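Two complexes follow with subunit A in common, the first pairing it with subunit B and the second with subunit C.
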Partner chain A sequence: MSKKRHRIVETLLWIVVVIVVLWVVSPFYWAVITSFKKPADVFRLSSIPWVQFRPTLNNWQTEFNQRGPEITRGLLNSVTIAIGASVFAVFLGSLAGYGLARHRYTKWRNQSMSFWFLSQRFLPPAATVIPFFLLMKSLKLLDTQIALILVNTTFVMPFAVLIMRDMFKELPVELEEAAWVDGCSRWQSFVRIALPLAAPALVATVIICFAFAWNEFLFALVLTYKKASPMTVVIAGTEHTQGVQFWYVSTRLLLAIIPPTILALTVQKYIVRGLTMGAVKG
Partner chain B sequence: MRKMSLVLSVLVILSLLFSFSLVWAQEGASELEIKTADAAFEAADKGNPDPAWKGQKLTIGVYSAGPRGAISGPLYFWRPYFEKLTGATYDIVEIPFAELREKIFTDLMTGTGTYDIIVGPSWFYGDYISNDWIVPSDKYLNDPRMPKWEPASILPPLQELYSWGGKWVGFNNDHDGQVLYYRRDILNDPKWQEEFKKETGKDMPVPPKTWDEVYEITKFFHGKDWNGDGEPDYGITMHLKVAGQGFFHFMALSAPYVVAPAPGDDPNKVTRYHNVYWFDPETMEPLVNTPGFVEALNMLLKLSKTGPSAMWGWSLGEAWDAFLRGKAVICFSWGDVGSLSQLPDQSSIKGKLGVAPIPGSEKYYDLETKQWVEKRNFVANTVGASWHGVISKFSKNQDLAAYFLSWQATPPINHWNVVWGWTGVDPGTLYDLLQPTGKSTIEEYVATGYEAEDAKQFVNAYEEMWYKYPLKQSYLRIPGTPEMWEIWDIHLSEAVTGQVTPEEALNRTAEDWNAIIDRLGREQLKKIYQEAIGYKPE
Partner chain C sequence: MKREKGNVFVIPAIIWIFTFTIFPLVYSFRVSISRISYGKITGFAGLSNYVRMFGDYRFWGTLRFTLIFVSISVVATTFLGLGLALVFNRKMRGLKVFRSLLTMPLFTAPVALGYLGVMMFYEENGPVNVLLKYLGMGKVPWLSHPWWATLAVCMVDVWQWTPFAFIILLAGLQSISDEIYEAAVIDTSSGWTVFRYVTLPLISPVLGTVLMLRLVDAFKIFDVPFSLTSGGPGTATRTLTFYIYTQGLRNFDLGYASAMAYFLLAITMMIGMLFFRRYRELYE
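On to the complex of A and B.
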């Protein structure tokens, strides 16, 4: 490649990178500046604080003063539900994934079972919301975190099963066979050999399941009233008969992205390792 | 591990900050609010609370707007007073606006009984009544335990909304209707009046009385820099986005073209052809594609061209904002605009607000003779939600629920909610109207932050519309109402955006409504509709 052509390609690449960065960053920037605008400034095309509008802390103060307990409760509920559902789903998903990776089932073939798990993701949640409501009502679990942990587990488990199945398939079975020779039972080889080796994928799966459970809205809305309502419902509460209160939407969504962002940053090396595991075969 | 500690620390700090703010939240009210609320509390009738209610708890479902937001705000504000009064308390369950119907209907349909009280919109009545889901307020009107409220003080068109078949079903709270807002300073400016005369050859009609006059004004001002900011400004602002409640605009605008007075002594008599708006009460055939509606939709299209084309994608907030920050000379909407216009962080037009009752038409279509009548027609509307409480039949504590709602409906408390505009409770009773018609004074509004002339214009516009207008538009209160309105909204948008002609849009609406009526049962709906509008077959 000539030097001139190389420079053109590089420039184009930079342009693409800048566009992508702007594309990704602009919603966050919008949220940040909107949270510091007076309602009257929100609808104007202004994006530079102190130049085009005078920033104010009013929205944040109002949120702390008037919605503090609700937002705290929403954040804690979201954390509890997302962690509960992801841990539960990964626990069950690891067992199911291991079974599918290591055993060959004859009556219901492995592929059929995998597809059945996957099909749970195809199911529109709206189709199951009323049955779930009636079920939770009968179990007296309406407006509890347990109800949402159970429902979210149902919906995120297919990811856990399929990711963990592939992960266990990639692990050399010889490692476990050696452990059996040394006297380990099947369960012990699973717990002591397979699971530790699958740690990066486990973490990545937890993060994916966490993200889905964190963002879930429909079931949260229908199955909770107040005590167990997560942040998604709290954010939706900014729309009312006087229109969407964009200034509160932005404060709440900034608060809502803090926990998953910190969690993702904390474990990002596992995510990359977990998701790319098995991508390159020797 | 260090990172995990960081995560936990951030979460703990956030939780603590928000938990501490519980204390601040209770101090959110101003001293004046507390002082006037204390006075209202003392003045309000308290009935005879049953000692057995002590320690009990109600649950109130209301749309989500927070402790200082419209409609839900007063519930938070008055809770400590209610606790003092009865020893009982209540939980407030806020439901996002878009999900209100699903949440509440699911609860009622399954008999779950989560909510003792539902502070909901009036368009739920069809389902409430036909499914026998609520306890009528009528039952408690003469109960000695209940605080006395004044149903007769509610202005006539709203009385119909709060009652069914001659009996009271809801408890007085909010009163919705659309009126016309305009820039008093601009329309009364001699410079602009002179320019108007020069351009049109007519005097500027201030305030405009009919939609044709509104159109003349918005057409004249649209595109001119009348606010002096160096940019062209708008004639009108509306929220025309699908699901942006734009169909309410059309409802208020179309009423005078459609609702015809009855011949004889009583122009308000509901006959098959007079004082009907939605359906032929004998056949349940939709009237939505009759010539009155077509003419009105053509007017809406004309008006929409005197505002920014962006408003086809605007919902409430954007549309109101254009008026409140002085970019549009006219808008027509609910009482919220009146109270928001007085808030300095949302409005730049305090002291410049003009308000008139909803305009009429220069002619109306007579369904009986199938001819246009060339005569001015004025029709009051109760367009909107008129948010108010009803008692769920599945409530285990109906009497306590009735006590709370009766107490909130008493004149001192209800009027306090009205004069403090942040509550979202709009005026609609005799004690909200100014003397001599009503019992209120301008000072009561000024004390809460209203500019005197703005408040006078605002309250008097409602007085004229609900107290002096000869006719009123009926409210749709049959099962399937939300679905019908949603379909209407979509087809109206097709017409406004030029995808189909007004006739076609309204024909499509009629066709879809007929399908819904057939699906839900034409005879059953007809019976409910007749009851809802007070039609008696001859």
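On to the complex of A and C.
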């Protein structure tokens, strides 16, 4: 490739980068600036703070003064549910992942079991939401965090099983074999050797599960009314008779968006594998 | 190695999934063929709920919208993702930062994105319409006209899921070794030929994965229409899941909703089967 042509290609590439970044970031940017705008500025064409409008913290303050309890409860519920679900899922998932990576099952073959776990992702939530509702109702668990922890564990566990399975497969089995020779049991070598070595993937899995449980909406909407409602339901319940109050909506949106996004950005490396659950060795 | 001992590891997860998906699914099948009143099963209804489904024009309406949405969204996300992946499949400074930025939409709650969409697509001076005005186009009734609302729902979904297709396809492209390309370039000159006969066959399993996951996810969509358009205007953007939710948990017509849920389950499971058959070897 000639030098000149190379430069043209580079420039075109950067133009594409800029367009794509703008495309991806602008809605977030809009939410951020809207949350710092006075209501009067919201419907005016202003997008540059300090130049076109004077940013204010009013919305955030008013929002927390008027709806403080509702929002803190929402955030706390989201945190509890997401942590609960990801811990359960990763606990069960790393056990199963280890089993699938290290054992050859003869009755149900390994492949079939991996399929079976993966197929949970194909399951439409609409198919289980009604029985879940009836189940939780009869167990008197409606509007509790427990109900949502159980539901979300079920949905995010396939991620955990398959990410951990791949992780354990990559760990050399020799390390564990040495331990078995020294008299360690399978279980001991799992807890003392394999698990600590898989720590990075373990953390990444927790975070991916956390983000998915945090963002879940349909089940949260159906299984909670008030006490146990997470942030996704809190933002959905904020329509007003005076029309949409964008300046408040955006504060709440940001509260719901920021935590899982920040966490997810920290586990960049494992995301591809996590999302496709082993189908791409990326 | 003792075989039986391995069961300890997989059994907890199997029991969990059995309790929380298989059991509910069986129960909901029972509900779908039963007569229900006040949340209690009172009799046998046979297949009447399923029969009713085929005569319900609202069901067909939601199915129609779901299909339109699925086709637009899956095609657009896959093509855009593939295009971007091809463009960025090279060693470039700053690519990592770019990739991180692109994953942001993936970790945003779809329901929150819907509300963000309400702000973006607002008819009077919303940023999208302002931009269109600068480009010399008229005001678009994004959320009040059925066709535009359909497009808005698709656009939010494309915005959220294109990064998914992009990142996975990029990973697929980067796992192809350079030697293969070098050999190909010597033999042929056209970029298209290389793409068609070298790149495409090599990334076909990855492309298949992306397509399948996107298809299945798109069929399940609920959050974005719920928050962006509330299924409106009228019922123009009501998806199957949305209708199931309304019938089952708003109108408490549990049997009918369960029957429709089974229909949706059949669709996604069919897609899943196709995927399994094709890519079995990936799960050795």
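Here, the second predicted complex is superposed on the first by the 233 of 282 C-alpha atoms of A that agree within 3 Å, B and C clash if a C-alpha of one lies under 4 Å from a C-alpha of the other, contacts with A are read in each partner's own complex, and residues count from 1 in each chain.
Definition applied: a residue touches a chain if its C-beta (ideal position, glycine included) is under 8 Å from a C-beta of that chain, and two chains touch if they have at least 3 such contacts.
Bear in mind the structure is a predicted one, so any value in this text is a computation, not a measurement.
Peer 1: So, does A:A236 touch the first partner subunit B, the second partner subunit C, both, or neither?
Peer 2: Once the two structures are laid over each other on A, A:A236 reaches both partners.
Peer 1: Quick check for you: in the superposed arrangement, does A:F132 touch first (subunit B), second (subunit C), both or neither?
Peer 2: In the superposition, A:F132 touches subunit C alone.
Peer 1: Considering only the touch criterion stated at the top, classify A:K3 as touching first (subunit B), second (subunit C), both, or neither.
Peer 2: neither
Peer 1: Contacts for A:F64 in the overlay, against subunit B (first) and subunit C (second): which applies, first, second, both or neither?
Peer 2: First partner only.
Peer 1: Figure out whether A:K140 sits in contact with subunit B (first) or subunit C (second), or with both, or with neither.
Peer 2: A:K140 sits against neither subunit B nor subunit C.
Peer 1: Mind telling me which of the two, subunit B or subunit C, contacts the most residues of subunit A?
Peer 2: C
Peer 1: Need the overlap of the two footprints on subunit A, from subunit B and from subunit C, as residue ranges.
Peer 2: Residues common to the subunit A contacts of subunit C and of subunit B are 43-44, 130, 133-134, 137, 222, 236, 244, 246, 263, 265, listed in rising order.
Peer 1: Any idea which subunit C residues touch subunit A in the complex?
Peer 2: On the subunit C side, the touching residues are 1-3, 5-10, 12-14, 16-17, 20-21, 23-25, 27-28, 31, 39, 84, 87-88, 92, 94, 96, 98-113, 115-120, 122, 124-125, 127, 130, 159, 163-164, 167-168, 171-172, 174-175, 205-206, 209-210, 213, 216, 219-220, 222-223, 226-227, 240-241, 244-245, 248-249, 254, 257-258, 260-262, 264-265, 268-269, 271-272, 276, 279-280, 282-284.
Peer 1: Okay, in this complex, where on subunit B does subunit A touch?
Peer 2: Those residues of subunit B that touch subunit A are 3-4, 6-7, 10-11, 14-15, 17-22, 24-25, 28, 59, 63-71, 91-94, 96-99, 102-103, 106, 110, 112, 114, 315-318, 320-322, 324-325, 336, 340, 345-348, 385, 387, 424.
Peer 1: So in the complex, the part of subunit A that touches subunit B is made up of which residues?
Peer 2: 38-40, 42-44, 58, 62, 64-69, 71-72, 75-76, 79, 130, 133-134, 137, 142-143, 221-222, 225-226, 233, 236-246, 255, 258-259, 262-263, 265-266
Peer 1: For the complex, give me every residue of subunit A touching subunit C.
Peer 2: 13, 16-17, 20-21, 23-28, 30-31, 34, 43-45, 47, 92-93, 95-96, 98-100, 102-106, 110-111, 113-135, 137, 150-151, 153-154, 157, 161, 186-187, 190, 211, 214-215, 217-218, 222, 231-232, 235-236, 244, 246, 249-250, 253, 256-257, 260-261, 263-265, 268, 271-272, 275-276, 278-282
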